[in-house]
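Two complexes, one shared chain (subunit A), two partners (subunit B, subunit C).
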Partner chain A sequence: MLELKRVCFGVRNEKGSKEILKDVDLTLEDRQFIVITGPNGGGKSTLAKLIMGIERPVSGQILFNGEDITDWDITRRAQAGISFAFQQPVRFKGITVKDLIRLASGDKALSTNGACRYLSAVGLCAADYVNREVDASLSGGELKRIEIATIIARQTTKLAVFDEPEAGIDLWSFHKLTHVFEKMHEEQRTILIISHQERILNIADEIVLIADGRIQKRGTRDAILPELLEVTGSCNFFKEDEA
Partner chain B sequence: MAKKKTFIEDIERTLYDIKNEDRPVYKTKQGLTDEIIRDISAKKHDPDWMLAFRLHSLDVYNHTPLPVWGPDLSELDMDRIVTYVKPDAKMAGRWEDVPADIKDTFDRLGIPEAEKTSLAGVGAQYDSEVVYHSIQESLTRQGVIYTDMETALVEHEDLVREYFMKLVPPKDHKFAALHGAVWSGGSFVYVPAGVQVKIPLQSYFRLNSPGAGQFEHTLIIVEKGASLHFIEGCSAPKYNVTNLHAGCVELYVKEGARLRYSTIENWSRNMMNLNTKRALVEKDGLIEWVSGSFGSHVSMLYPCSILHGENARCEFTGVTFAGHGQHLDTGATVVHAAPHTSANINTRTISKDGGIAVYRSAVKVAPGADHAKCSVNCESLMLDDRSRSDTLPVMDIQGDEADIGHEARIGRISDEAVYYLTTRGISEDEARAMIVRGFVEPIAKALPLEYAVEMNNLINIELEGAMG
Partner chain C sequence: MDEIQKHLLMEIADLHGIPEGAYNIRSNSKSIGRASSANIEIVSKTDKDGIDIYIKPATKNEAVHIPVIMDKAGIKEMVYNDFHVGAGADVVIVAGCGIHCGSDTGEQHDGIHTFFVEKGARVKYIEKHYGEGDGSGERIMNPTTVVHLAEGAYMEMETTQIKGIDSTKRITQADLADDATFVVHEKIMTHGRQQAETGFEVELNGAGSSTNVISRSVARNSSHQLFLAKIRGNNRCHGHSECDAIIMDDAKISAIPEITANHLEANLIHEAAIGKIAGDQLVKLMTLGLTEKEAETQIVNGFLK
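After this line comes the complex of A and B, so read on.
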């Protein structure tokens, strides 16, 4: 359903150019559940942004359901069914949680109750949040959960990309969040999650390891997990959470 | 231009731009001379003192230089402005009696409809004269006066003479002097002591004649313990000659009285809007301003509140949006002239496509005006890096124990914010509109619903840049 072909991405600044992703080939089948992991700065978020259209590849091709979407803008990709939960969601003054959920759902008339359902799904006490502005007053974890709620609200999603959904979310709540992803998966969606959390690696069909701008490994959890520790060189990196 | 789908309603942007044939019964010559002033005065059957006042104002005008700050006014050539255009219509008390094309114009602007549903009185001015006026009888029975200035000058000459241009004297600045010389039309409202006018009154000013000036005078007196909500609207179609608007608004809020004065000025891109508005607030009185500035080529507008009596209060809420080719210099002034006076200024300015939107606030606390309290919150948003928004606060604090807070923020819409919203399936334009609506939300909240809708529409029109 999604295919990246020899995708390269880099940036140019005063100090010259920097390659961030090199010759990335990645294929996702319909209804697969893939987790991308790897060390900080490896290029994971960049890859997600390329899929969403926030960044454009320097070279290479991106296909979605057989169509070449390399030149499509963000809006068109979103309308085609790609959804993206940001690693760091943007805060807005004067826009409420309900506004954002409504926008994401594509249903201008979505009721407050409707919006609340999505908030409850991520463990937020909906009534406390639905009319709040998504401004600086929300905590980091609250903002991330709202972000996930907006993706759940996008009923037209075919491919959902989550960038480190666990970041800032307490372990107890996170345990419940894994059910959200499993449920989306059961609803016939293709899921791509960028994560450092073993709990998420455990529920994936396959794990992709990205480091130094390249795909280093891809395989099932059992095949990849032992090697992960070698690549990262840190035994604590994937410590199992205690929740 | 192809219709674009917007996240909220589609906008009827042609609404404000329909031109009627210019067929006045009388028009002065272009320019500004003694003879022209005498001519206007004679046509309007002024009393002698008013003619003298006009001539004095002209003299002040001729001896007053242009302001040395603010937008460039060199484009304004008074020799080419027609200062008085008498429409081919007598003032009517029934819409049926207003000439069809003029009535259509006000119909399109929704005035007769609003009159039926949400207003207690309406005045409609077309070019230099008021063509329609009404007020609910229940108000007249309580002694409320709402009429055009010309009628007021005949029927309530003493009141007019006592208050007219006492708050904004001709020597205030060049365009106040101009106004004193050529004023025509406008509204006179008198609310007797203790009377609460619960439903708003609205005057609408439409300038149709190309190359003309509109100089309406608004004089409102709200007596002790009385209250009023007064709304003004204005618009004009676009011409390729300069039009001038130099109105003057004088608001007298007496002891314990409340006045809410709302205007959304929506001019066309050939308009120079040099408007003066001032309120004098006595003990325990409250003035609430809602001020929207849209559309004009140049604006200079700084409503001023003089808090003259103890505990007098001012609430000011303003929005200014400058697009391509616009330089809108707007703001608010508060003078704390008595102890325990308080003011709240809350403004948003937006600029786009190279537009310049400047917000000036001036707060003065006079000696002896102790324990004054003033909070100013000005925020500016630039939609691209060609545009300019600025907030320029000036403070002059001489009273003791003043509590003055000032918060100014200038920001630009970030690409990241726009991208973020587009990942939810809307276009970049819609994303920007959503961010701008969020930005002005605190202002929209302060407006009555139908004006919040109008403001939203105007913002959308400006965002699409189609009024051009």
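After this line comes the complex of A and C, so read on.
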């Protein structure tokens, strides 16, 4: 359903150019549940943004259900069924939680009850939140849950990408949230979650390990977990220092 | 009233017809309907154009509507309305001005509204300005609001100017006695080559007085906006003003704050932020399937809601 072919991405800054993703090949089958993990700065969020169209590859190709979407803009990809929950959700002055969920659902007449259903799914007591603004007054964890609710509200989603959905959410609540992902999966959706959480790694069909802008390994949990410790345990900076 | 007038009334006062309670409807410089109530009396001024509104002390849960509508070319008027709000009253005052301009001769409404809010009274003042019509004549409005708040009085002012006014210069002046509170929420959107200037001057004279002046605005195309806020703390008091603006296209916005503390216990803050729509806000809404234009509209509408 999703195919990345030799995707490269880099940025140019005053110090020259920097390669962030190198020759990434990644295939997701229909209804797969894949988790991407790996050390900070490895390129995971960048990969998710490339899939959503927020960033464009320097070279390579992205296919969605067989169609080349490399040049599609964000809106077109969203309308084709790709959803993306941000690692750092955006705040809006004046837009209420209900407004945002309504926009996500694509149902202009979405009732307050309808919006509440999605909020309850992420463990928010809906009545306290529907009319609040998605602004700086929300806590980090609340904002993160609302972000996840916007993805649940998108009924047309075929591929849902979540970037570290666990970040900022207390462990107890997160346990419940994992059911949200499982439910979406049962509803025949393809799920891609970027996560460092063991609980999420445990429910995935497969785990993809990204480090230094490359896919280092892909496989089942048992095959990847030992590898993970190796990669995250190393640090070039300190190594150079010691030398 | 014809359809144009009914529509103007709808836009500025949410009125579908004649309001309940006390009201005065002014159309093309004449009063076309007026009613007083047991507690609220409206009388014409004799020395100049305008009305006096007398609200008896302790009047509760009543509203006064005083909309102004204009659709005749070439009108230029200056109106004085004085509100005398008796001690302990709690009322809502809905004012507003709608101009329809169908020719190339402009129309102008200048109004001075003066509020005398007595001890412990509470006023919610709602004012909406709206212009329409395909005439090329300029629609001009220059509202001045002068507010005198007695001890413990509270006034909340909500002003909105979203559409159709080519040029506006609004002045709001307030002086506050002990424990009085003055809150302002202003919303402005300008298009085309419109000009909007808004100036606040608040004198915090009383001990324990406070003010909060919040302006949210959007300037599009090649419009200009100027926001001036002067707050003087002359006693133990709290003052806060905030200008939050979105700038688009070739528009220009200036925010000029001035806070003066003339007392050691005066606590004054000014915040101003002007910037374009945040890119990540657009991106988020686009990931929900909106086009960039639709996302922009949602962000602006929410911001000015």
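Heads up, the rule we're going with is that the second predicted complex is superposed on the first by the 233 of 243 C-alpha atoms of A that agree within 3 Å, B and C clash if a C-alpha of one lies under 4 Å from a C-alpha of the other, contacts with A are read in each partner's own complex, and residues count from 1 in each chain.
The rule is short, and it goes like this: a contact is a pair of C-beta atoms (placed from the backbone, for glycine too) under 8 Å apart; a residue touches a chain by one contact, two chains touch by 3 or more.
Since we're looking at a predicted model, the values are computed, not measured.
Superimposing the complexes on subunit A yields a three-chain arrangement in which subunit B and subunit C clash.
Of the two partner chains, both subunit B and subunit C are touched by A:Gly106.
Of the two partner chains placed by superposition, subunit B and subunit C are both touched by A:Phe92. Of the two partner chains, neither subunit B nor subunit C is touched by A:Leu138. In the superposition on chain A, A:Leu119 makes contact with neither subunit B nor subunit C. Steric collision with subunit C, judged by C-alpha atoms after aligning on chain A, is confined to one stretch of subunit B among 39-47, 57-65, 165-173 or 417-425, namely 417-425.
In the superposition on chain A, the residues of subunit A touched by subunit B in one structure and by subunit C in the other are 52, 54, 73-75, 78-79, 83-84, 86, 89-90, 92-95, 99, 103-104, 106, 150, 154, 156. Residues 7, 414, 416-417, 419-428, 434-435, 437-442 of subunit B touch subunit A in their complex.
Residue ranges of subunit A in contact with subunit C, taken from their complex: 52, 54, 73-75, 78-79, 83-84, 86, 89-90, 92-96, 99, 103-104, 106, 150, 154, 156.
Per the touch definition, subunit A reaches subunit B in the complex via residues 52, 54, 73-75, 78-79, 83-84, 86, 89-90, 92-95, 99-100, 103-104, 106, 108, 133, 150, 154, 156. Of all residues in subunit C, only 216, 244, 278, 280-281, 283-292, 298-299, 301-305 touch subunit A in the complex they form.
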